[in-house]
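Can you keep this structure in mind? I'll have questions shortly.
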Amino acid sequence: GDFAKVDHHRALRTGFPEVIWGPGKTPDQIAQIMEAMRQRNSVVMATRIEPDVFATLETKVQGLRYYNLARICAITPPTIEPQYPGTIGILSAGTADLAVAEEAAVTAELSGFHVQRLWDVGVAGIHRLLNNRHVIESASVLIVVAGMEGALPSVVAGLADCPVVAVPTSIGYGASFGGLAPLLTMLNSCAAGVGVVNIDNGFGAAVLAGQIVRTAYKLRK
Amino acid sequence: GDFAKVDHHRALRTGFPEVIWGPGKTPDQIAQIMEAMRQRNSVVMATRIEPDVFATLETKVQGLRYYNLARICAITPPTIEPQYPGTIGILSAGTADLAVAEEAAVTAELSGFHVQRLWDVGVAGIHRLLNNRHVIESASVLIVVAGMEGALPSVVAGLADCPVVAVPTSIGYGASFGGLAPLLTMLNSCAAGVGVVNIDNGFGAAVLAGQIVRTAYKLRK
Amino acid sequence: GDFAKVDHHRALRTGFPEVIWGPGKTPDQIAQIMEAMRQRNSVVMATRIEPDVFATLETKVQGLRYYNLARICAITPPTIEPQYPGTIGILSAGTADLAVAEEAAVTAELSGFHVQRLWDVGVAGIHRLLNNRHVIESASVLIVVAGMEGALPSVVAGLADCPVVAVPTSIGYGASFGGLAPLLTMLNSCAAGVGVVNIDNGFGAAVLAGQIVRTAYKLRK
Amino acid sequence: GDFAKVDHHRALRTGFPEVIWGPGKTPDQIAQIMEAMRQRNSVVMATRIEPDVFATLETKVQGLRYYNLARICAITPPTIEPQYPGTIGILSAGTADLAVAEEAAVTAELSGFHVQRLWDVGVAGIHRLLNNRHVIESASVLIVVAGMEGALPSVVAGLADCPVVAVPTSIGYGASFGGLAPLLTMLNSCAAGVGVVNIDNGFGAAVLAGQIVRTAYKLRK
Amino acid sequence: GDFAKVDHHRALRTGFPEVIWGPGKTPDQIAQIMEAMRQRNSVVMATRIEPDVFATLETKVQGLRYYNLARICAITPPTIEPQYPGTIGILSAGTADLAVAEEAAVTAELSGFHVQRLWDVGVAGIHRLLNNRHVIESASVLIVVAGMEGALPSVVAGLADCPVVAVPTSIGYGASFGGLAPLLTMLNSCAAGVGVVNIDNGFGAAVLAGQIVRTAYKLRK
Amino acid sequence: GDFAKVDHHRALRTGFPEVIWGPGKTPDQIAQIMEAMRQRNSVVMATRIEPDVFATLETKVQGLRYYNLARICAITPPTIEPQYPGTIGILSAGTADLAVAEEAAVTAELSGFHVQRLWDVGVAGIHRLLNNRHVIESASVLIVVAGMEGALPSVVAGLADCPVVAVPTSIGYGASFGGLAPLLTMLNSCAAGVGVVNIDNGFGAAVLAGQIVRTAYKLRK
Amino acid sequence: GDFAKVDHHRALRTGFPEVIWGPGKTPDQIAQIMEAMRQRNSVVMATRIEPDVFATLETKVQGLRYYNLARICAITPPTIEPQYPGTIGILSAGTADLAVAEEAAVTAELSGFHVQRLWDVGVAGIHRLLNNRHVIESASVLIVVAGMEGALPSVVAGLADCPVVAVPTSIGYGASFGGLAPLLTMLNSCAAGVGVVNIDNGFGAAVLAGQIVRTAYKLRK
Amino acid sequence: GDFAKVDHHRALRTGFPEVIWGPGKTPDQIAQIMEAMRQRNSVVMATRIEPDVFATLETKVQGLRYYNLARICAITPPTIEPQYPGTIGILSAGTADLAVAEEAAVTAELSGFHVQRLWDVGVAGIHRLLNNRHVIESASVLIVVAGMEGALPSVVAGLADCPVVAVPTSIGYGASFGGLAPLLTMLNSCAAGVGVVNIDNGFGAAVLAGQIVRTAYKLRK
């Protein structure tokens, strides 16, 4: 329809195809955009899809798969293998940050990257992180997801020999102000080498991490 | 003068005498209040005294001493010995946080407490903190001072078996917003047992830490 | 499950076991964490549990008790006696602040402390506070809970000879901005000796107050 | 000049003549406006006049008087007697709030009202206020000036049988955010009957208090 | 119950009895407080009572009356006559501000004051206000209620020869930020003589206006 | 130099040449850019030029003229005549808003438009505006400049039969928050047909007003 | 009823009749105002009407039409032809901004203007915009609607030779803060000639754009 | 001294040595830290060094070099050659953003990376960017620096096939709020693959970009 101009060249230009952002679109609009995109892409993704929206979409779009922790739905080939070397390590500070961390993980996997997950290693029990330093050491790039005070990326960046993508989450209450607190924490990190994305933006973190791995891949050729 | 009603009973009521806050007062007003207070207290303190204000005060008040890192001036007895058991451990994240950390340290010492300082142990190099765990372990109460992202109190509180008083500082720039970033970080700490005071309020942190030690002292009797 | 790394050493390190924060977790996740924790702790607590979540939890976890005013559920021994000397006095400014004040009170009691409650003594009728000064005077540490303008901790700290833990609440409307108003009030208190915790964080206030009593207890030995 | 349209009817319409606000005006502009206003008014006032601006104004405008604590300059008759019954009581929480409190006091006196001052009675030492209840009881209207946490108006309004005008000041630091903290405190006062004016607006408080006394005066006729 | 300490002396001290603020209280708590208050007061009021809460209250408290536009319920004598001279004029800028304006009007009437209403006279059609100047001129005190940009009180205060109480409302959207926009507008009014209350606080405005009329009444005796 | 890429096509594309924004540039950089632009434009302007910067520029760039109230310097032909029909009416609320209002006026005049000024007609004395309605009625577009509460554009837009460009200024103090208050006021205007520009942005207002007149001019051909 | 004073002269004064803003009004109030307005206007509009409100209105007001994407309902003549020359071009950055863009489009069409729509041309795929430059070039005025980072108006204003009205939307999440992010972006546009309206205010943008076209129309006569 | 604990292992752990942040340190402290670091590092850097601080440092530390546009001083070997393959492209939106862009460029060069600069290509003249697409296409990673509305990174990320590091600057005024506006713009970018650092943090951007190149380098081996 006229309501959307799918950016079919995006994958050529930037390496990543357009991805549909669900909120504010009707299931009908999402379905139409998916159909248009499936003509040209082997993977078609939509993010921020609540279960009830998926239930409707499923009846309109064939072969749709739902990643419920990540709230992502996608048209995919039967199996998806990593197409790039290296590993994207994804850490979350708390159990409640999982939805965002999974949005990052699933986006990265559907985009052809290898992912290693490490959940619930927040700074209040720092040994949980220190005992898992191999995850930090073996990653090519790290995505660190944290709500509340959002201190984890600073500690990780002080230990890591690779880029760190920090994702603040809206998990918390009171003076968290919807994720403002961890966002500011991450922007003010005294450990350099940290790039921050929007609150709850697991998707954007995965694309950035993917771009980093792809850069490596291109340079190496 | 009429401009001030010194709260002479405060030491009796709360255990701590009134302390003069310098900003917004003329040197003359400060000198008059100091003279009034010296009648009844062995130690008379004023905080936030810039060097040039001290230079004037010195000519008006006899026996005044200046703690330049802490920007405190005080009338004191010749020597000040700790009057309470236990130790107040004071940690700072960066070198630039020193003025606030020293305000806390000098206030505590002038109030009769024993202080142990540990400077520049921010989370970007977490081993600096972990290598000094004896300071954390031997304190009765900890004051943790940090600017920029303010993550240090969370990590410390996850290691400490005592109360933690967190002091955000205005050290930083940009999205620090004058100390708002570390303030929110500390309020949202996922480690429990942390009490927060105002940005740059080393003085208040010392009084709170002192109250904690005094409570212990009273209970023990 | 992989979604959580329970910090079993926390009680050893800090004196307080980990406590489950309910929001953002499924009842299943909460139940699994509770079962894991009950292996090693005599008391297992979860906060911010709404009645309907409790109804589900009850069917999954045996011997669960619900403190409905405090929105806390817990596995406890049949009776809980104070294990520490002294008293934690808890004051609330208004009737509407009760949920937060009770979160503090139940947390403290389940952690082995003796609690004295004093509700609805806000500053608009200051005699209600002045007539109950014995509560202030007999406490080892005070938790003061207030929404709206949050002025109560300042007045109490001016009267008390012990540490004051201030808890702003989100009770209010308009320019309260979800508790920002009382939070700022408490941080700017002209009475020293006040430590502030997050908006509505009765739990954190209780842990801090508990740490203070424990410090006293340790020093006294 | 064209740069100003003096509102000569304002005194007729509202009972109070226009008053010149100094900032952003050159001394020349201020002097010209004063000369224009003196044709029709027995008292001509300008607020927010720093000493060096006054030094210049003095050379341009005859018979100018300076109230240095209040930073007000004015052309006045030789003596100014109260023209209205009743008393405007003005309270300040701290010594540092004096400039604002005096702006209110001088504005009220120059406008023909009787003023009673009570300085430095902040809530951290509540007995200082309670010992001076006669000031509260004998006033027709109260102006309460406070910085930092700004809790004084709530306590006063709970004791007073008359309207309370609350003036937040920018005195404080850190999380005071230039007076935002006491402003929010006063707006959220749980004691009803409090009207708030802008941060540091002693002038506006005096005009409002004056309107209140004039209303009384008009009704009584 | 223990959950509330009714301030029975408030009417004696301040001229106005305590009024129950509904949010955050159970119907049971509200009913119990009402019964306790009816022993000593001829009028007992509760504000912010939604229709469904009233439906429950009605079954518990005898003789309860509901003012649905104002969301107030009250126990009252059969008829309520003004007990004070003068008139409280109440103006609203838009139709959508009615709930707040009526909260002010009903509070004032139940407290014994005479009220004159003038609705929907916002500044976008200034003639609507100018054509009703008699309302402004005949009032002893004015309450001006406005959302969106909140400009009405400034215009009114430039015309009125009496105190103006300004009430910002949360009516609006986007950059209104829940009423912050009109709140700031009113605080920065270039017309002096305006006292501001909290966003949507029609109740507080009425109490302040009532105090002003009572002051007049007392002075006149 | 490499430091600047002058957008020489801008006049062709948008009808207005690039204008130099002074802050953050050295006088040398400004001078070089001016020399580059004078090759192709008959008028070359720089805004936000303080007197001392102009003093230096004058020695480097020939034929430079300074508009001191507007803080603009420019290279211009000897005389500048309006090149478009119609009038841009410019109103200011207070005397202190003059610098911003003059920035708008001089920009418009140097760009070839006819300007009519009307200063100091703020809403606190609404007759000053109503007595000058001919200015509103004869304009093709209005620029309305106001600080403090910024209410003037709403009132003007309710009277005007043409587009209104609203300019908030940073004139004010306290809860003006550097112009945030009038900015929000203008964005929330209940009178439609108002376009808002940045705080103190007299320049941008003039370009927008100019575009409006040029559109008219183009349509008419 | 008394609750509304319809500003019947507004069309005469400003060229646009009053339009009913739905929120905060009962369907009954809306219906009564519509009936009052239909006496004097050929088109009567109400904005922000949700489907369920329309369902009720339909039963009360005859001949009502609903524009569901725009959430506008209106009484209109059978056909509406453009009454003015020129075209209002309306661009949206994303599909999710459609509701706001349609509010602008329908308001403009019902007010007698010719509209050209261009949806989903956000800056992440700039060629979508550059390929449609004819829309920019043929418009007399442009309305540019964008959420998230709101960068589109800056790019458009750098290409357009006509006024640009920028509308930030609340589409986005996290650090969008309800539309604050695109609002600030648009206000700080480095491209001059941009007037900003409130977040989501498609209606206001259309009235401003309409005023611009009408000005052109008047000047041309 | 005790005031600093240089993190000598940082280069080993993270690939980048500690860098001294100048503000809040005395020249003496900076000099001492530099001397300590030169023992172990071939390059020693300090950022945010104003010219007068450098003048003092120069007399204390031998062989110090000053990069005045970047406000960086450093001890370096005679020549510094790139040690890594690939290019870090650095773009600035305006001339006034140069200081921040140069902080990034000099940091990167001193750290052994190859840099390509492209200044003054902001979105208001989009052809300036499109005409220089070779810079975007040949970079391994891009740093994009922008103040005011900060829209450049979104446009660049929509064109680039590599990671983008976005740096908001404090250049602007009014509703820029010290760089908050471009910060929010960048965080809300609808183009994915953008990592944001603190306002004015050219240093951090360079370290992050460097980590990205180093990752590529490590993966390629």
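As written, the chain order gives the labels A, B, C, D, E, F, G and H, with residue 1 at the start of each chain.
Assume a contact is a pair of C-beta atoms (placed from the backbone, for glycine too) under 8 Å apart; a residue touches a chain by one contact, two chains touch by 3 or more.
This structure is a prediction, so every number in the text was calculated from the model and none was measured.
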Neighbouring chains common to chain B and chain G, by label: A, H
Repeat of interface D-F, chosen from A-H, A-B or A-G - more than half of residue-number contact pairs shared: A-G
Whole-Å gap between the CA centroids of chain F and chain H: 35
Between chain E and chain H, centroid-to-centroid distance (C-alpha), Å: 56
Computed distance of Cα centres, chain F from chain E, in Å: 43
Interface hub residues of chain H, defined as touching at least two other chains: 10, 94, 124-125, 157-159, 174-177, 180, 183, 187-189, 191, 198-199
Interchain contacts, given as pairs of chains that touch: A-B, A-C, A-G, A-H, B-C, B-D, B-H, C-D, C-E, D-E, D-F, E-F, E-G, F-G, F-H, G-H
Residues on chain G engaged by chain H in the complex (per definition of touch): 93-94, 122-126, 148-151, 154-155, 157-159, 172, 174-177, 180-182, 184-191
Residue ranges of chain G in contact with chain E within the complex: 2-5, 7, 9-10, 18, 21, 23-25, 29, 33, 168, 170, 178-180, 183, 198-201
Residue numbers on chain A that touch chain H, as the complex places them: 10, 13-16, 19, 85-86, 140-141, 157-165, 183, 187-189, 191-199, 203-204, 207-208, 210-220
Complex contacts: residues of chain G adjacent to chain A: 94-99, 117, 119-121, 124-125, 127-128, 171, 173-177
